[in-house]
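Quick notes on the structure that follows.
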Amino acid sequence: MSRKSTIPSIQLGDYIVIQRQKYTKLQKFGSLDASATLGKEHLELKSLLDQPYGSTFKMCVKESKAGKRGAQRQHTLELVSENELRSIRDVLNISSSGADNRDIRDNGEAQALKSEDIEQLREACNESSKIIEKLVENSKTFHTRTEYSQDKYLLKKEKKYFEFVQIRQPTIRLMADIFHRQDAEKIMGIRVDTLSQIISYSGVSGFGSYLLYESGTNGLLPAAMLNSIGADTDATLVHMHPGNVPQKQALLALKLPLEQQQRCISVNLYSVLREFYQGDKVDATIPTAAEDDATQTDNNMTTEEQTDEVEPTTKKLKLDQSPNCKQFVYAKLPLRWQLENKRASALMHQKFDNLVVAAKEHPSNIVQALLPLVKPSRPIVIFSTCKELLQETYMELKASGKVTNLHVTSNWLRTYQILPNRTHPEVNMNGNSGYLLTGYTLS
Amino acid sequence: MSRKSTIPSIQLGDYIVIQRQKYTKLQKFGSLDASATLGKEHLELKSLLDQPYGSTFKMCVKESKAGKRGAQRQHTLELVSENELRSIRDVLNISSSGADNRDIRDNGEAQALKSEDIEQLREACNESSKIIEKLVENSKTFHTRTEYSQDKYLLKKEKKYFEFVQIRQPTIRLMADIFHRQDAEKIMGIRVDTLSQIISYSGVSGFGSYLLYESGTNGLLPAAMLNSIGADTDATLVHMHPGNVPQKQALLALKLPLEQQQRCISVNLYSVLREFYQGDKVDATIPTAAEDDATQTDNNMTTEEQTDEVEPTTKKLKLDQSPNCKQFVYAKLPLRWQLENKRASALMHQKFDNLVVAAKEHPSNIVQALLPLVKPSRPIVIFSTCKELLQETYMELKASGKVTNLHVTSNWLRTYQILPNRTHPEVNMNGNSGYLLTGYTLS
Amino acid sequence: MSFLKPKTHIEQGDVVILYLSVNSMHAIEAVPTIVNKKGETIVNIFQTPYGSLKVQNIIGVEYGSRVELSKGYAHVLQPNPELWTQTLPHRTQIIYTPDISMILHQLEVRPGAVVVESGTGSGSLSHYFLRALKPTGRLHTFDFHEARAEQAREEFQRHGLGDFVTVYHRDVCNLGFTSELDGVADAVFLDLPAPDLAVPHAFKALKLSGGRFCSFSPCIEQSQRCINVLTQLGFNEICSMEVLQQESIIKTRTMPVIDLEFLKAPKDAAAEPNSNEDTKTKEPKEIKKYLTSSHPQLLPGHTGFLTFATLPPNIPKA
Amino acid sequence: MSFLKPKTHIEQGDVVILYLSVNSMHAIEAVPTIVNKKGETIVNIFQTPYGSLKVQNIIGVEYGSRVELSKGYAHVLQPNPELWTQTLPHRTQIIYTPDISMILHQLEVRPGAVVVESGTGSGSLSHYFLRALKPTGRLHTFDFHEARAEQAREEFQRHGLGDFVTVYHRDVCNLGFTSELDGVADAVFLDLPAPDLAVPHAFKALKLSGGRFCSFSPCIEQSQRCINVLTQLGFNEICSMEVLQQESIIKTRTMPVIDLEFLKAPKDAAAEPNSNEDTKTKEPKEIKKYLTSSHPQLLPGHTGFLTFATLPPNIPKA
């Protein structure tokens, strides 16, 4: 209903997902000079402006520089029509395939083209299909390979020379994939199936007031919850974190309406708990936001994009943080974090409709501190990569009698290759879903 | 080479595997009066004598008695030819199948035959195919069901009325299945994949001297190892156990040649270690075999078959076991267990070519006690149902530097239904493979 | 009406989850009286293994409270799709939370989304779709079985979800999703014996700006045929998977630890005459406690194959 | 000759496993000199990341010993099929211990068994078959690739296993297992792209008293076709499965435990002036150690489908 059927266009300041075949990357389109790097290829992004999301662009070589590990190529991007995207296989029109590989001896000389020839070809031809065609023509063994082996060869080459990228709008689904593939540790190893179950079990939706503690997921977890809360609803999220500033990349990338963004209140765990318990007594004197310097290092922002998230006030605060002037700085006007603490504290007094904890720390004390803030008959979901910690927390909760229907679960996720005569589960799988402890509060 | 190509015949005293469709059972054919129970059916075994293993027999109703949970039927068994075993599906010749089940309302009245009718039918017809044919004829919904649903119905009915059994010779494969299905705890939950890997990783084969400690697997583990040691080889197995008498059912069921049986030396763990360390000093005075009364309860024999395993001397010994006469009994001639202790002790002094431990107890102390008895560069395999215990043992062994290439592993075993248009992994799977800790000794 | 939003107290007419234990919970309706088979209005008494509950007594009670049964007690919980899925009357095989969670995530369902579902079945998945898309989205759910469609429609109404859902009795494989739904859907979900027949209809129902597709099939051949049609119609990001949830059973186990060191040295000669003392030293066992985790013997080995795909924007729908 | 039986000391010509770490081991031949590319006889030096090993020095050494490298040390282990599978020169994709163990178990291979295998491949499985069936059984192993068959034959000889194996270079799908093998096999194993073509030959090779069959296939369609033929020929107990081994990584993890209780009460006023003291109380964290187990990020997700079947006794072979 509220979702527009027209396709939004790419704007400056947007986070975009660049997709080349199965590879995807999250990138900020910060300025017209911005460029993105995909392996050895550098892409100038300026031509993306105002084009609709979902469009495909052709990488056109502008210049090629010798780099440490082979040529670094600079590309411009040209919008292409859907029709140009014929399958590479149709182009090459392969029909004859050897029955098996009994006559192949692997002597490394199956390709007649030398690497210099290939590099030249690459400069000359702009289309991967042409390059691959040449490679196949000059392969002594291609036509004697099995179809399976031919496909493998083509896929490998296609991957290397494929010259199209698609620009997509970030969604939770796309970002969860990217983050997990690029550096799963930065999102605490929360795998797609686990993320999806955190959302289900926590019951987060367009109605209610929700509570999340997470010790660092690039903003993925608050973004996923806020995404489920939706635009034009009344629900709210209090997002507690242990650092000086919340990690918000995924939240910003979603480009949610302002009213929706404002319903996610990000606060420091220590600071907000002090506000909640001690109220006005503390907030003018105690430098709460800088309090947990030890935790801060765990949550250092490491990518360029993340520095954008630091709110100006907080940034300044960090710079002024010498022991002597602390009191001075904080005694001034109420800062943004102080206002957020007050908003959060008000919601804490009204109690929440769920509790989600995804902690690098032992969850036990955190759950003990936050559980009193949850209404009865509400779901709690605790994520940890370490089952041993959840086991202890399970035993404590069970003994407390405050939570029922306790379960500790994990998942297998098996993806399948489904192709004619070549159907099988994927050869590799990820072994770590992490663990969830779920239950319902009692009064 | 040494295996006979002729099919052995069923003899009195044999353990036999009775198979009815997918159900299998291990049974001792102890006398001509012996009978076996399959659910509500009682089978008289006498007609099996001298028939070749692998034969199929028809269950012929002799009499039917009212029992607590429906009729108990007594059957004789009649040898049938292979030709009689047409598939139940061919017999019924089902062809028309409904496209889906949209018109079916489940009101419990789909079957026109009443249960009394069916019981009568069952008395009258000896053939399951006839009974099922009648049931299908009188089903109002069968022909409107999908083929999938029809098959399910037929399979269910077929299972209930199937009147054939096959008699097979026990093998490790068949017994591992039976034991695990009937009561996995009695074989410490050792699943087929785990059993197969214990054999592989332990390297047990026709050459060498092997050491096993197990705290109760119905004889399955020593039987599997002795099976891999083979007939007409020189290899030996010392089988240590914590009880008064070894569990030997699976060993006896294999019906191995005597020379092979004698190369499995079963000894009490405590008793043989004392013999090994203290030699002649102890064996005339200390009632070692009865020593570990506490453990004995864990290893109580519960099935009728198992009582057969108790060696006469040991049995006697047990009866005489009142505190007062202990010393008296043991001071007599060397008993069988004393001779076995001496044989085992001699092999212990020569050291072993592997170590396999499958303990209900914490494996750590057992491994520490037995590891010095293993030659360097030899595999060790430790099984436990409790990963936490193996974790500790892993850490201890790692710290000791005495074992290298340490790995803790477990398995998923997925079985598949592969049928035209109905291929999928089985809907249920067993969640517990147990855990293996493997490594190689160093000098 | 207890499915619409979080609430604190049981009102008359609410569906309530009576939670007895992990393996025993029941969805009951909070009404003081019911009509029995003879047409008489009688007091609503609910029987449990821990005795009976006079349902009238729970009206007005806070959700999450303990309520007394004649021979024990239970807790009353507000229903939600997870609890409902575990207690609902099965009219068909249903899909459970692990698969459903992945379906919602992959279909990118959020408030405002328009979702087309076939078949409705027992409404297990529908309740999840509704929680995720309300209050601004809409679910169009189809079943070819008339009674099932009718039951589902009544149920949604009773659960306070009627405003966000349209239930259709229709054979979508042959007749499609109705022309009114052409180009309106953000996501289409199929749980049909022949999903390949409905894929072209899904293609039509998805927005011109693109959308997401999912088919759930128990057998691999259904997925194979479905993927065939998806490929022909220009869907991409085609991906099949299985999600299998495993429970961990947490308990403290006591494990025997045996001592074997004492066997290396002869027994203390002094102790020998005292045979009682002797017997005691013969049990060199201690017990250690371990907090352990293990899987249940029986795990779900297979539920179904989930096939997901994207319809890219601007594919002409001929 | 180091594969025949357990031995204690390295003899010249033995294959020896040089064990550097869990992820680094090498099968080397214990010979003092080798012939280089120029045809010159030179001293046999083996290079490792921990420096070089003069191979001559390990001859006569006890298996299981530590040997010094120029920049570290390694252990020498006697090879066996498990270690060989991890170090052998790959001539084809190979099958690993978890699948192989199941194959040996299901095929009921024990000393005395006659086993027919196709294809030989890199000989990984063959070494397991040979360990299980020697000294009284025999392996007949077939490969359609001449060079591979020849390499395998030489390898078995070098490993001291030549007496128990016959290696054939032959296209078994088209030509079968030779008539000499009709009715001699206790078990047949197929690892072929089209196992269905070889099933009738397996049928012939199995003993009239019956036997066991196994086919290993990466793709489900191969298993489906194979099962079709097995069914037609009267095989029973047909059963397909996957075995997936998972490693557990055991380590002690230090986990931060944070204290939040102190936030409930205002800070001790006495401590406030001392700002150093203050800073310290601001880090209410302790570290606790846990012995934990986790899985590696990347696990084997699929190796192949194992299809097993029994040929019952006395099936006429036409």
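Per-chain numbering from 1; labels A, B, C and D assigned in written order.
Everything below uses one rule, namely that a contact is a pair of C-beta atoms (placed from the backbone, for glycine too) under 8 Å apart; a residue touches a chain by one contact, two chains touch by 3 or more.
Being a predicted model, the structure only gives us computed values, none of them experimental.
Asks: Please flag the chain sitting at the greatest distance from subunit B, going by CA centroids.
Replies: It is A whose centre lies farthest from that of subunit B.
Asks: Sort out for me whether A-C or A-D is joined by the greater number of C-beta contact pairs.
Replies: When A-C is set beside A-D, the one with more contacts is A-C.
Asks: Let me have the rounded angstrom distance from the C-alpha centre of subunit C over to the C-alpha centre of subunit D, please.
Replies: Using C-alpha averages as centres, the distance is 40 Å.
Asks: Could you state the distance in Å from the CA-based centre of subunit A to that of subunit D?
Replies: Taking the mean C-alpha position of each chain, the two centres sit 37 Å apart.
Asks: Roughly how many whole angstrom separate the Cα centroids of subunit A and subunit B?
Replies: Spacing between the chain centres: roughly 50 Å.
Asks: Go ahead and note the Å separation of the Cα centroids belonging to subunit A and subunit C.
Replies: From the centre of subunit A to the centre of subunit C is 27 Å.
Asks: If a residue has to touch 2 or more other chains to count, which residues of subunit A qualify?
Replies: 387-388, 412, 414-415, 420, 423, 425
Asks: For subunit C, what residues touch not just one other chain but two or more?
Replies: Those would be 220, 242, 246, 291, 293, 305.
Asks: Tell me the shape of the graph of touching chains, choosing from line, ring, star, complete and other.
Replies: Here the contact pattern is a ring, one closed loop where every chain has two partners.
Asks: Every touching chain pair, please?
Replies: By the stated definition, chains touch in these pairs: A-C, A-D, B-C, B-D.
Asks: In the complex formed with subunit A, which residues of subunit D make contact?
Replies: These residues of subunit D touch subunit A: 144-145, 147, 171, 193, 218-222, 242, 246, 253, 255-261, 263-267, 275, 279, 282-283, 285, 288, 290-305.
Asks: State the interface residues of subunit D toward subunit B in the complex, per the touch definition above.
Replies: These residues of subunit D touch subunit B: 4-6, 8, 19, 22, 25, 62-66, 75-78, 80-82, 97-98, 100-102, 104-106, 108, 110-114, 128, 131-132, 134-138, 183, 186, 207-210, 220, 223-224, 227, 239-248, 250, 252, 291, 293, 305, 307, 312-315.
Asks: Can you check the complex and tell me which residues of subunit A touch subunit C?
Replies: Residues 1-3, 5-7, 52-54, 82, 171-173, 176, 192-193, 195-197, 199-201, 203, 205-208, 227-233, 353, 375-379, 387-388, 391-392, 394-395, 404-416, 418, 420, 423, 425, 435, 440-443 of subunit A touch subunit C in their complex.
Asks: For a test of understanding, state which residues of subunit B touch subunit C in their complex under the given definition.
Replies: Touch residues, subunit B against subunit C: 100, 102, 105, 146, 184, 242, 269-270, 273-274, 277-278, 281-282, 286, 291-295, 323, 360-362, 364-366, 368-369, 385-389, 414-415, 420-432.
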